[in-house]
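What follows is a pair of complexes built around subunit A, which joins subunit B in one and subunit C in the other.
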Partner chain A sequence: MADITWPWQYNFPPFFTIQQHSETRAKQLEAWQQLISEYLKATKQSTIDIRETQNSVLFNNAEINRKLSQEAILTILEDMAKTGRAAPMDKSRNVWEVYWHSLDEWGNLVYNWACNNGMNNSVCTLFELREGENTVDQEFHGLDMSVLLKALKNLELKGKCELMEFDDSQGVKFF
Partner chain B sequence: MRRRAGVGAIQKQRLEQEKYREKGSEIQENQFQQMSKQLDVFRENLEEFATKHKSEIKKNAQFRRQFQEMCAAIGVDPLASGKGFWSVLGIGDFYYELGVQIVEVCLATNYKNGGLITLEELRMRLIAARGRGKVHQEITNEDLLVAVKKLRIFGNGFTVVPIGKGKWLVQSVPGELNLDQTLVLQKASALGTAWVSLSILTDDLGWNETRAQNALNHMVKEGLAWVDSQDSKETLYWFPSMFSECVAA
Partner chain C sequence: MDRFEYIEARLFEGENYLKRDRNVKIYDGDDKTQFTDGEVVLTTHRILWGKPGDIPKGLVVLSLHLYYVFCIEEESGGVFGLGGPKRILLHLGPALPGKRPGPAVASPFHFVKFSFKDGIDQIFYKALTDAVTAKAWERSTSIASPISAASPNATPKPSVTPVNSKIRSGIVGIERSIEEQHRATDQSISVAFQDLRKLMEKAKDMVAISKNISTKIRDKQGDISEDDTVRFKAYLMSLGIDDPVTRDAFRSDSDYYLGLAQQISDMMIAVLMDCGGIMSLADVWCRVNRARGLELISPEDLLNACKLLQTIGAPMSLRKFPSGACVLQLNSHQDEEVARTTSEMIEENGYLTPVKLSQIANVSVLLARERLFTTERLGMACRDESIEGLAFYPNLFLREA
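Presenting the complex of A and B:
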């Protein structure tokens, strides 16, 4: 179980029923999005598979016997997608990537780290970024591979780095 | 032959009348003078009392209430006049200040309670907000009620809804709650559950289903209640303003 402080809403039974009244619903969705981001951040996860959510503590509060249905989760994720905080990974919209930092922010985090550590104009592997000793205290340490890749591609478009393929791993060169 | 009244008698009569009139107005003037002297004394004393106990009135909640009661007994509203000697008191200022802070708290918590807040929560938050630095001022529920009532001049944006047993809710969204909706809130407060349902309203209040459903729908529409459809028996309607974890958050 993740070590996060649950917001009061988590123990509020109707929080697990999508509200029909637009204003109330907006408040509810916002609270859910914050909770989801925080939970994934605390557990170092980036993806949600809607089919596997029904037993997750995040969406199932056994103490008050309430859980968020799959349709409800889809509603929330679709809402997050509108603001770029999530994106579907498959056509059936079952697997979702959730960005507790936007891709831009992730890119900047990595780039700043590279600048601060004199990595400009040198190459490091993605493995180093994700699992290397130098990045242990960084937020992107252990970040989901595909999210990291997207963030770097984003950075590449801005001309701040260049992705390259080695034999069986990928690397990146910062400018 | 009877002598007719002479000129002398008429003049005498007129003289008498004049004297009476003079005496009359003299007495009147006397009374008036005395009266205004008394009023002056009263005013002076009240002013003296007010200035002497100004800080006491501001600080001591019970004293303030008694002073309010005294003023009410002699038909004076210290809040009504911003000018004149009442302004010495700063009583009005105290409540205006409180009023502004009440508005602030209501707006700040609106996002979670939909504009309905219990008087206790309001008081708790106000004390927390005012506590910083200043000399501690005790604020009672009565003070809050007086201040909220003053806010009514801004229209029906701020109203106090009694929910029984010395408990109140302060509503900070426009639109009045009708009697049925107030009864629903009273029921939820009396049950202490923060929720009600159709069956509770029909069973306990003896309403028919249409009446109960109308009242509930309206409260959902106003953003005051949340719908919970996962209870095994029926739909529950929750009021975040009464939900203890929401109040504490």
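Presenting the complex of A and C:
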């Protein structure tokens, strides 16, 4: 469905078993993380529900009849969380948010865009950022709301913007 | 209830009054009986029960001999056990033949209860347990002539002995006879073992003598005819005493194991080379014992001997894999070497399962598995666990990167 170029590992059966040898394992996890990020980016998704992964093309290569088990996915996501590229959404660690850019990076992307378009000291709604015509060619166009919000909050902490609430939508003012 | 007898309320000779209590009801097991609101008199030999006033008058009352009692319990009255114990439960032995007629001929229960309306008098209870343990009736030689409890001067009536001499022993008698039987068995067993011990003592001498004789025979081969030698050997064989070279021949276990280790090392070296330098201990054991033919060794002995292989400088050693599998491995057969050849084999075949490798490399599946694990541990293969089983692939992760 998504036109992404599968890496060679995707057709390599051992890729679907978490490796025991530590060095090999590190390489494998790295490859998986890259693949997951790319896949989500291509499909414009930012959450993974582990319970619903078993049929996803990403974790299930029907051609070689290999499937990445749920435990293995959890292992990979936990590893991603260590580098800030994923975060669990619930306590049972079933739903995960995956950032193909880190939150910092997202924040910077948005801020740079705002600066480049002379949006400093002006307010725009989050809807504008996600769906507006001005951002069509930006990476954060269509970004998951919660991810965007987190990125902006991160930015707020740095004093580069301020989030504000309107009646039924949220806006942001860049400094 | 069938242990009770009807008897006149008189004390036997040697029997003493202990205690009395009132408002007592008798239960046959769990069932109520007609014997309610009576008076109980405890003596050193019996428990008497009668309607109030009957006992002092010496009338016919119920009597339970204490030798039937082998266990006494207190039982709480009421559903919730409130108000303290109200009943005494007496577990009784079987009724003896020759006893006087009682209120019941047979009873399904082996216990009776005395229910005290006013609760159990602890003094009574204590006196009862004491009387049962004291077994006063055993001490008295005769309990045949009862004297009246009410009027000690009344002429003793001739009365049938409640139990004849054999039965008099009662439960105790039965216990004694059992004890006697035990003693007899004990004795016969110890006698039997005495014989055995003597035989064992003699066995050493026998072995020494037989060895002595056999060496003499060997020395004087000419003097004794071939026939005699053969016959003598046959005798020895039939005794089960040959000239065995076993662990007995060594002063200590470690000597024995050292010798065994040397032997294993000598005979296994060629075999190991044939089998790719490594063999599971179970296979080694089979090989060694097949080679020995007789005088087989136990797996434990083999293991102990193999542990000493390094100390005697053998070209092989015992190796325990992380999985717990024990193998005998040639020293030249190192992990790196194994991993290298195994990874080459994987390369040739694309991927390998333990079964496939065992066929190719001519080793057992267990060892093939260990070899693959070893290869994996060294980062030269990577695993693929799927519903099809465990397989190993060349480690492209490390190579491609």
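Side notes on the structure shown:
One rule holds in what follows: the second predicted complex is superposed on the first by the 175 of 175 C-alpha atoms of A that agree within 3 Å, B and C clash if a C-alpha of one lies under 4 Å from a C-alpha of the other, contacts with A are read in each partner's own complex, and residues count from 1 in each chain.
The rule we apply is simple: a residue touches a chain if its C-beta (ideal position, glycine included) is under 8 Å from a C-beta of that chain, and two chains touch if they have at least 3 such contacts.
Worth saying up front: this structure is predicted, and the values here are computed from it rather than measured.
Placing subunit B and subunit C on a common subunit A by superposition gives a clash between them. Of the two partner chains placed by superposition, subunit B and subunit C are both touched by A:Asn65. Of the two partner chains, neither subunit B nor subunit C is touched by A:Asn108. Once chain A of one complex is fitted onto chain A of the other, the partner contacts of A:Asn117 are absent, as it touches neither subunit B nor subunit C. Contacts of A:Thr24 after superposition: both subunit B and subunit C are touched. Overlaying the two complexes on chain A leaves one subunit C stretch of 99-107, 153-161 or 387-395 clashing with subunit B, which is 387-395. Common to the subunit B-facing and subunit C-facing surfaces of subunit A are residues 8-9, 12-14, 16-17, 19-21, 23-24, 27-28, 65-67. Interface of subunit C with subunit A (complex): residues 351, 376-379, 382-386, 388, 391-393, 395-398, 400-401. Contact residues of subunit A toward subunit C in the complex are 8-9, 12-14, 16-17, 19-21, 23-24, 27-28, 31, 65-67. Across the interface of their complex, subunit B is touched by residues 7-9, 11-17, 19-21, 23-24, 27-28, 65-67 of subunit A. Listing the residues of subunit B that touch subunit A in their complex gives 111-112, 114, 195, 220-221, 223, 226-231, 236, 238, 240, 243, 245-246, 248-249.
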